[in-house]
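A short write-up of the structure that comes next.
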């Protein structure tokens, strides 16, 4: 028993030392990682809706969006959000921006594990560019009657992206309109 | 002299992948492109060197019964460090390698070297061993990645090497391609070994 | 899709589509190392299912309630959990079921370095349900661990079956051992592409 | 006088079967399907088929030469693999596709295991899976309609609408540009079905009409004769059945696997044919039996000796397994057709099935 | 007529046309005979004569050396000229007694017991034992042992094996046509000895006249019955015959027919039993088919045990073409022998001679896994798997798969398109396995 206690104690000491070192490294790297993440997020949002400051609105624990206001006029320039749906092999996460009329200003696929060479081509500009200016109604693969040209050999990925965006815009639109209504009602 | 021979053995004679056959998972998973392979290889090399040295340092004071858990803690600590460092300073590579960085912990090469070599040798030789094994690992990874990237994407280190009319053989960068490429490479190694 | 439907999709995904071995490249060492005989493959498979399920549930709790704010300790905490768990399971089985221990005993320590186990634990922390929105809860994690173990066992058994068969034939000398096992894995991965894109 | 007689172990009689006889007979049984293919698609079908065969033979000879083992291409097995692979490619494919595919099939599917009899999975199907994973667009795009027929097998477009093009370009594109199983897959998608309805105006259920079109008697007839789009060797059920009858009569294939395979597909499609969410019932077993590569698969691929169970019980399990997987992939999978993958998957599990179904010796006493 | 059968089996062409019409001819007693001490399963007989001794036809020259053994008798009269190793019908050399004829063919005294049917069973068995009878279908199991089943295994059925499923052979067929009544007597005697109520004669469908004749002979006795059997090889194998006739399965792993209450005897054995009990005649002659496409006059000969095969062939006027293969026994289970020096033994049912084209030596290829061997195996084994395991030296696995249940009927090798010598591999496996059992490491 004594031996076990001793062994346990040694293990504990080693672990504590390791933890200490890790905590120290973490304290150096964590801010850097956080800053990188922020920077990247801001950069991607800026790419979608330029010259804006962003304000986060949480709709539900699963969905939130950013309202983009003009840096100077504070006028609403549009919204950005992340849409996600299961694609061919796993979830495909797409960041997108819409203008105040809920027309897409651009998209960026931020996370996917689709088939390389096929579905994975959804990150390429050839595919993402076509989303610019599309409305909710257009957001279907061309095969399904929409205006999104399918990736060759990867209809499922195309569908997943299109339909996730469509759903997200729908939720967004509802929420924005609701919000506006509440404000109106409050004003009354 | 010993230092030098410990260094080179990992590259050819005791190559961790082709000869000892350890560390298959990352080899197959991250060899889709040469830059990923290099990144993974160097990360593993770093962990190998550090853990080998550390374990060699503490070998005198570690009770035999709990040496494995302690080795794992040491390795896990170094892996976590490189994981954080990469995330902070090489975010793109960190993203590409994904879960395989934390999984360096269970890469059998590292624990294997700790147990087989570092726990019995001095710090300098352990470092050489770690470096050699790491380089051997990196080299083999790069060989596999070279084949897969060229066949499956027509590029090498992102540079176009095959004519643009080449219709890439996608399977090479998919899972089946990884297994088959490595399998054939090992068969070729066997044939070479037999000839010698 | 109801919850049951989602569980079904999770099962199909973990076992066939995103099989840990064939598509995520995890757990290859035991997959290639312990697949020479059906009996031992079965033993290993059972041990992995057991440990993966337990690990998934325990690491979920650790991640959720102990590691908040200290994510940098995730790797070290998980690997220690797995090591301790394996040790514990080994002790329990040895005491309570010596027969089982005899057949599983040799495989249990190997599981500590089975990266699939650590892989499941880590991936569970960020995984989402098939609806693409909801993060895993305790039950999801546990089930995912179980299904992943089953997926591992299924391909391990198939592999063992083929390799036992190949034992009886005249393989080219250079292909014997690892090379043929890897090529078989590649062939199985190609066959498993048939499950891609299942939509239920 | 010294007797010069042969002293060899019993039995001293043999039924005169041999590996070349078996293989060339299967090749012969595949000829009707080739004739049908040439009739529907012209010379290119023949060319692609031969390219596959020649590439397979060449690869096998080359590897055997390198391995310094006797070259055995004359037994016909490599040629058979090559043409079976070509049969799984459509007639509009680039010439190098069957060449590369057959080379892979022979090299990785067969020779790395030491040759005939040792390969665990059907090399031709492995070659096809390899091509599908490597060049998916080449394999799945660019189908051409048979001479005088339609890709979808719907030769009577009036079944759907007399002026389909004007009513809905999309529906028109579908019924002229997709194979029956592709259409079935499209009809599985509620988004697509809704868009069709929206397209045609509210009072015409185009999707329902398309469904009627592909399950109409005239379409089923086209499916039977092979007047539809598809891979070179799979379209003509009629031609394949002639070959299958020959093989069964010559006792080269055994009835269990095809029967249980086709039977399972028929039963499952009958009971679970309704497409979830769409309301269209595909409970028409004959449509499923005649479409895609099922006949080719059931009689010529799922009966491959080395890759299917040896036990009688095992063969039944194998057939049922193939059927279940085929229907599963057709109904919920990512591909419109599941024959190749289902056989390939069952091949992978064949040794396990064999190990679990070893028959009890005659007179085995229960313990 | 409804034909019964068993699962599995093959359909080789029967080739019986060569000798089917030839009535049994008496072969003159030869100038020299070679009587092997091992013509049966069990321990070899012990010689009681020495070189130079004079013997009469039918005189005892070797005693049974145990329970599972039989005595041997001189088949001609003359002088013992040699006791040495001679070619055996299985193609290898074994110890035998050579007798050189004095051309007198002087017999020992025989009897004719009028009331032989009413002898006591033990008396009958004694006479059978003394006559040196072993199974004449080929396997050569000492008959008296078969007639003395364990006390706890009551026998209710005796089956006479008139199947003769081996292609070419017609000896049993002719015997049934020409000595039907003696066969029935033999059957009745066997039933008496084992106290069975039912007697069955199994005959294959390709011998309709024999079926008809035997049915007529059985008609008076309700206890006797002829069971017509499907034309299929190995219909005459003991376990398969029992199954076809009674639907009973003899337990595997060394189970005997007595376990299911059955005794099986060959029709030729039945005649020998009849003669032994009635006349006290030892087994010194038997009917053997000498046949094949190139045998000038294929015949069914009643030949003395020990007659060299070469003399049989000469008696059939020789060969029309050079021989490619000599087969002692039937072509499915018989032994290819290097020359015609071997003599007729008690179990020799035929001598089949192939021409050079029929004698093919097929090259063994890798197993295709076509599973035809599995489909035809009458014992429900997986022959190719057994062979592969033997080749790979997995003897324990092979044993688990039923290695020792193989009856070496050769159906598997007959259909194998890869020409694998399955029977030989399995036999090798049996030997190696037995060796491994004796000397466990």
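By letter and in written order, the chains are A, B, C, D and E; residue numbering begins at 1 in each of them.
By definition in this document, contacts are C-beta pairs under 8 Å (C-beta built on N, C-alpha and C of every residue); 3 or more make two chains touch, one makes a residue touch a chain.
Since the structure is predicted, the reported quantities are computational estimates derived from the model, not experimental observations.
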item	value
Any chain in contact with chain C as well as chain E	D
Both-way neighbours, i.e. chains that touch chain E and touch chain D	C
Chain whose average C-alpha position is farthest from chain D's own	E
Two chains sharing the most C-beta contacts	D-E
Most widely separated chain from chain B, with each centre as the mean of CA atoms	E
Chain closest to the middle, measuring from C-alpha centroids that were averaged per chain	D
Between chain B and chain A, distance of the C-alpha-averaged centres to the nearest whole Å	33
Between chain C and chain B, distance of the C-alpha-averaged centres to the nearest whole Å	22
Inter-chain centre distance, chain B versus chain E - centres from mean C-alpha coordinates, in Å	69
Shared interface positions of chain A, touching two or more other chains	15, 18, 22, 25-26, 30, 88, 115, 118, 156
Residues within chain C bordering two or more other chains	23, 72-73, 76, 80, 169-170, 172, 175, 179-180, 183, 186-187, 190, 193, 196-197, 199
Per-residue overlap in chain E, given as positions that touch at least 2 other chains	366-367, 385
Each pair of chains that touches, named by its two labels	A-B, A-C, A-D, B-C, B-D, C-D, C-E, D-E
Sites on chain A touched by chain B in the complex	3, 6-7, 10-11, 14-15, 18, 21-22, 25-26, 28-30, 32-33, 36, 40, 115-118
Interfacial residue positions of chain C with respect to chain A in the complex	17-18, 23, 70, 72-73, 76, 80, 128, 130-134, 196-197, 199
Chain E - residues contacting chain C, complex	366-367, 385, 388-389, 391-392, 394
Touching residues (chain side chain C, partner chain D) in the complex	38, 157-158, 161-162, 164-166, 169-172, 175, 179-180, 183-184, 186-188, 190-200
For the chain C and chain B complex, residues of the former touching the latter	22-29, 32, 72-76, 79-80, 83, 112-115, 118-119, 122-123, 172-176, 178-183, 185-187, 189-190, 193
